[in-house]
Amino acid sequence: MAAQPTLLLALDLCGTFVFALGGAWTALRAVRLDIVGVVTLGMVTAIGGGIVRDVLIGAVPPATFGDWRYLAVATAGGLIAFGSSRWLHRLSVPIDVFDAAGLGLFAVTGASKALEYGLGPGQAVILGAITGVGGGTLRDVLVRQVPAVLHSELYAIPAMIGAGITVATIRGGVYGPAAAVIAVAACFLVRLLGVVFGLNAPAPRKAPPAA
Amino acid sequence: MAAQPTLLLALDLCGTFVFALGGAWTALRAVRLDIVGVVTLGMVTAIGGGIVRDVLIGAVPPATFGDWRYLAVATAGGLIAFGSSRWLHRLSVPIDVFDAAGLGLFAVTGASKALEYGLGPGQAVILGAITGVGGGTLRDVLVRQVPAVLHSELYAIPAMIGAGITVATIRGGVYGPAAAVIAVAACFLVRLLGVVFGLNAPAPRKAPPAA
Amino acid sequence: MAAQPTLLLALDLCGTFVFALGGAWTALRAVRLDIVGVVTLGMVTAIGGGIVRDVLIGAVPPATFGDWRYLAVATAGGLIAFGSSRWLHRLSVPIDVFDAAGLGLFAVTGASKALEYGLGPGQAVILGAITGVGGGTLRDVLVRQVPAVLHSELYAIPAMIGAGITVATIRGGVYGPAAAVIAVAACFLVRLLGVVFGLNAPAPRKAPPAA
């Protein structure tokens, strides 16, 4: 059973908004930016992962260009982040929460869209993870941070868990609003547990010297 | 009325040359490079934005791969930049002028090509801006600078003005060489005014601390 | 005569493995990473260049997503790199050798695939070089190094030599396992000569000041 289009769209727009808001805040913490820079980085965070996914599965022009609501929602998130930037030092908890929510929403929608386009289950899990982490990775590269996915608390692993539950329930014929909520929540909770407890994936035995 | 193919090609080749020259110079100011690096960064600046646009609208292989003149013109620009690198300290004015000209030319051709491929007017304006700023952004990422579009004097806004005039005149049925010149010139002048007067888009009220 | 599909696949899988191993080692020398980061960067190095090529020639979803063996081989390379990271200080010679081998293999397969998709000989040489240097360039950007292709000992030039021999022998109707081995070996040897003797492409007469 393919994913329900309306459900996919609703989840995708939610993810776009929370990623634009959280992504713009994260960018503001790293570098000084003007309003164009803040909104641009919010949009890159919000729609970058989905664009990479759509290019890779051949769904061009990407959904975010074909439907004006994505651009409107992403722009709104970036503008709200710009307007609230003076309270930025109080926002580290909401930033982590919004980022974890966006990660879960996009992992689920990315995996479900990859299956719709005929990719295999393993590929769909990877594309779900790319949808979730891609936008933030592009933003980190643009503001010259090492992307969180490479060194941070559990980040790719929760995205693959959310995408994996999505693929399993779609293939098992039981995907629907309830399964989607479970998949998003699983990714969200594992990610937040990683942040709260500072969990990381295993690191090499001996730290290599910095170059 | 669609854009005239010959006009589109002529503007595109002009933009490719000035961007390759200005882009290679900018790269030389930031890092020490050999001739391969200079020519590569000139080419990335010159054809990067158009390639991103073509991939996003589904026009693959990109025009720059299908027509050898793009690669020849971009290589020539990079080689001229390499040969003139000893006078680099005297070149800051020409670099800004060439960059502003390329920005205007690509914003106009990018927006016009996006309309040809059936995208909506809002999307065409954004794709015009991406065509204009994309190549320079890729170059800045490769030489580890924060991309100019994120923090600099008016950069994305003039590109959107040029793209917006293009979309409006094509939709209004009055697009032609005169309208194209006006759109390029509007972008060019707003960009240069930004450089001359150090104008920036509004920044957040309180500067966030650098990470 | 088109390239032989089995030969193309065998060369491509070899290149994927050696690039994943060498790419993950290189990443470990630059930044501290956990196991997800090491495997991710090995995969990016191994399949990044081919994905860029496939997107540019319109072969989506990319071969690396359609055939699970690419992902399996790349993951294995990344895991072996992670497991051997404590001996990293002794590995600089193998890293250079593996990297040169991957460069040759990918330059040859990239050029041959571009011809198969109907691109001209000049474009095929450039796409072969992009396939060879693309993955390492993406990895370097993610770990905030200036990409080797921009400043290092001969890197793009050997890739273009390997791709050039491939295009010439395919067009001449004499391509086969022997020609492929010669093309890979030529790239491999020129690259290693560059590393051993510290050869670089010509640099500008006067070093520009760092920004």
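Assorted remarks:
First chain written, first letter: the chains are A, B and C, and each begins at residue 1.
Please note the rule applied: a contact is a pair of C-beta atoms (placed from the backbone, for glycine too) under 8 Å apart; a residue touches a chain by one contact, two chains touch by 3 or more.
Predicted model, so just to flag it, every value in this text is computed and none were measured.
Under the stated contact rule, the graph of chain-to-chain touches is complete, every pair of chains being in contact. Remark: rotation between chain A and chain B after Cα superposition is 120° (nearest 5). Shared residue numbers account for under half of those found at the interface formed by chain A and chain C, and the copies are therefore classed as meeting with different residues.
Chain A and chain C have CA centres that are 29 Å apart. Residues of chain B in contact with two or more other chains: 55, 141, 144.
Considering their complex, residues 28-38, 40-41, 51, 55, 60-62, 65-66, 68, 71, 82, 85-86, 88, 141-145 of chain A touch chain B. For chain A in complex with chain C, the residues that touch the partner chain are 55-58, 117, 119-120, 122-123, 126-127, 137, 141, 144, 146-147, 149-151, 155-157, 200-211.
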